[in-house]
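Take a look at the structure below.
Labels A, B, C and D are assigned to the chains in the order they are written; within every chain, residues are numbered from 1.
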Amino acid sequence: MAIDVNTLADAIARANQSMTSLTDVLNAADAKLGDGDTGTMLARLIGAFASVDVRNAPDLGAGFMALAKAGAASTGSSLGTLIITAMMTAGKLTAGQKDMDWSRLGDTIAAIRDAAMARGKAELGAKTIIDGLDALARAVDGKDDPTAIAVAARNAMDQVLAEFRQRPSAMGRARMFAEKSVGLDDPGMLGLAEIIRAVIADHGATPLA
Amino acid sequence: MAIDVNTLADAIARANQSMTSLTDVLNAADAKLGDGDTGTMLARLIGAFASVDVRNAPDLGAGFMALAKAGAASTGSSLGTLIITAMMTAGKLTAGQKDMDWSRLGDTIAAIRDAAMARGKAELGAKTIIDGLDALARAVDGKDDPTAIAVAARNAMDQVLAEFRQRPSAMGRARMFAEKSVGLDDPGMLGLAEIIRAVIADHGATPLA
Amino acid sequence: MKKLINDPANYVDEMLDGLCLAHPGLKRVGDDRRAIARDVPMRQGKVGVVSGGGSGHLPLFTGYVGQGLLDACAIGNVFEGPTINSCQDAIAAANGGAGVLCLFGNYGGDKMNFEMASEFAAMENIETRSVLGTDDIASASPEEAHKRRGVAGLIFAYKAAGALAEAGGNLDAVASVAQKVVDRTRTIGVALSSCQIPGAAGPNFTIADDEIEFGMGIHGEPGIWRHKIRPADALVDEMISMLLAERPADASRVAVLVNSLGSTPFEELFILYRRVAQQLDAAGLTIVRPLIGPYVTSMEMGGASISLCFLDDEIEGLLAAAADCPFWKVG
Amino acid sequence: MKKLINDPANYVDEMLDGLCLAHPGLKRVGDDRRAIARDVPMRQGKVGVVSGGGSGHLPLFTGYVGQGLLDACAIGNVFEGPTINSCQDAIAAANGGAGVLCLFGNYGGDKMNFEMASEFAAMENIETRSVLGTDDIASASPEEAHKRRGVAGLIFAYKAAGALAEAGGNLDAVASVAQKVVDRTRTIGVALSSCQIPGAAGPNFTIADDEIEFGMGIHGEPGIWRHKIRPADALVDEMISMLLAERPADASRVAVLVNSLGSTPFEELFILYRRVAQQLDAAGLTIVRPLIGPYVTSMEMGGASISLCFLDDEIEGLLAAAADCPFWKVG
């Protein structure tokens, strides 16, 4: 069993579904110090992803690239562009491949993290979605069982949110109010965590701690 | 005894003095339906009059003309221009004369009324300063004693205000709200009445009715 | 209402100083320097075109002094007519020996003051004519069109009269083309929020957060109705249908001005213009030289007006002639 | 906050339609037509100059497409960067075979999107350079000038780059003159009141009735201080002294922009300009080509900014070159 265009399409459908309730939550998180559009923007972007016919893509790489293309037409926000970067990175890594082993997921997310860092000129530790990606990559690294991956991913997201909540933001709009950001979740990192939670929901995993 | 440059200068001094308290009263009257500047504007205009050296004018006509000239430099409002018209009219009627008999005051005010009507394209009965001038001209007509004139003038102004209070405005800004103007004094007419009251105050006259 | 000003008593003078510093083609003239004239000497033999009005409406009035437009302009305090003297100063500055057209909005004080100034000018052998802007269709019925207030559409009359004067038209011809433009120009506005006179205790009028006033004048004079705000397209439809109700039978081409009263941004003007263009097209009218922007304002008042100038060949030619002032450049 | 709009979802598209209807020299291009290009074909061999940014700042960004200025411009939703595709569309439209300069404000999303678009352009053999506007001195210290936001001063870089491209400068030359203008341009703004994104539940920020924020950005980004309002002259003095603290040693001539953020009327801009002119004169600087008006706005935001572009002979010549777009005409 491996990740193929159907796995990808299922994940997108679930993520898109989750945006119904997530949009307001993420907007509210962004409104605390930013311009309050993280939810709206993610909903628009994932809605664009959902309207792509990924299942009929010739291969997994082409599926990711089709998502990147749809995204490039639908968002101008920083977070959106980082997600498009993620799709392009995954697309390049899986170019021409029908599927990808679960065991390669960790490396893929690590590559996405690095590409996003390069694109966003962001460091680790700045309290952005990138710290979320980093935690995720490390948590799933070396695992090949989808359920074990789901459990690890969910726990990693809970932990990274908790860890960074007490730290100041150094990137994005919130950096203007670095002190005020202490105690608040970064909206991009929170969005990643919530979407991952939605995507793996049917694995029935519960946090370890 | 007749009206000369000193009579004129005294009247202006008293009118100017009265504006200290009148400004707000007249602004408030204008603010009900107009732009609330009748008091400010009159204060500025009469202040300009007060700074003219009328006592040293070569004759009464020149005194009036000097006032008209000062006014022409200091106001752009309708009421102001009507008052300047009044000064020019009186100036023409008394051109070259050292003084003017009190008995001629009625005719002079009548001439001012007519000139203001021509200048303002206003009819009698429209509830403006012109109805005040009309009542004044008729009240002092034929009289030659300053005290009798003062008593008649004061009564005439009380009566014309009372008479027009219940009628709608047909000129000036308040015409836009003709119905709402019923029950309110016209600010121009009120200004005329109050200034006359101030000018003749030391005649100690009390209303007849 | 916050303003970036110093002492309100100096508002007009500091504003005029800034205007002339920024635009050296303009200068202040007259004893109290409350008239603006062009910095080049008046061409002898050319008819002068002057205007005047209260401050607070920039670019109107003084902003339209320039080549092919106004020769001079009298300016009063905020929302107050210019003094008789300022009107005289403007007329004197625009005197090139061929007479002067006084072209201004139909407001009581302005009318009286230009009338008196014209009488003084006559004593100095300067011939004048007066033409009054009466384009605001909200302010009186078509039967009483001469009672209408002058608002944004006045600038089309400036342009045509200025162009004909530049081209050598005589006083009667310049006055009569100005009158023709006035007769063929209609404006309707909608106000969203008030402005405030510098130094005043409060705004000029109040209007509820979700209401607009249709037909309100540029000093806050009452309009036709006050209701809940509607979509822009619906408002434009109502405005255009009122304007077209007075369309001259011969008109097939039209100049358009979609004007901001102050705080309404360009974005909204273009949204309005989109619908204006659709509706005029549907009515079989061809738009010529649309103007979109803050051309006649009431300081920070929110809202917009639409003006239509129904063209004939003469007016169209004059609107196309070269002109150059700080706020309007043609050719 | 009331707006003259239809469905907020259609705000940008209806605005762009109106813009292009009013100014037929502009056209919408790209799949979703979120780039504006000139209606004349790109001259082969000429370097293209493009910009891009969110909606809500007209005349910026799209309003500066025109001869001797921008060749094309990508536009996003209100206060949102343009999409990668729109950036690509703008670059493609401005491609005359001699490379394209991407000249835009220093904002995270815009930077990433132009960067990605440039990578795609490279695959199609279109060479690009990027220069970022960083004129807002309130947004970072001089040592971190590269972190500063781009605000109103960007239009001086448009003008210089556009003029050099028009005159046949190659890509490196055009990029380097744009960078030089950016390096010599400084802006500081003061905000009085907020704007509101169409469809949003409330204003973008709040500010007390008697307070102003010094140094606030054009999306309401925090400034340097928030205090009671002061007289205009005192504010100008503080603004000018901050701007002159970064005056290049060789600068004796300066281009000035006194810009309305939206609802601040011309009258107030001229009151500000009067003091700006006095202060620059006192500092021994000669003002060249002052611009006063709404050039870079945030819809109905109240407030103003002052930009100084410290000239050298090359920049001064380029600013004087003929240019023609809907909102800025030179020569």
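The definition used in the following text is that a residue touches a chain if its C-beta (ideal position, glycine included) is under 8 Å from a C-beta of that chain, and two chains touch if they have at least 3 such contacts.
Bear in mind that the values here come from a model prediction, so they are computed numbers and not experimental data.
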item	value
From chain A, the most remote chain by mean C-alpha position	B
Separation of chain A from chain C, taking each centre as the mean of its C-alpha atoms, in whole Å	57
Separation of mean Cα positions, chain D and chain A [Å, integer]	33
Distance between chain centroids, defined by C-alpha means - chain C, chain D (Å)	30
Touch-based graph of the chains, sorted into line, ring, star, complete or other	line
Touching chain combinations (by label order)	A-D, B-C, C-D
Touch list for chain C against partner chain B, complex	31-32, 54, 76-77, 79-86, 88, 108-110, 112-113, 115-116, 204, 219, 221-222
Complex interface listing, chain B residues touching chain C	35, 37, 41, 72-78, 80-82, 84-85, 119-120, 172-173, 176-177
Residue ranges of chain D in contact with chain C within the complex	2-7, 11, 14-19, 21-22, 55-56, 58-59, 63, 190, 192-193, 209-210, 212, 229, 231-233, 235, 262-274, 277, 290, 292, 294, 297, 299-300, 302-304, 329
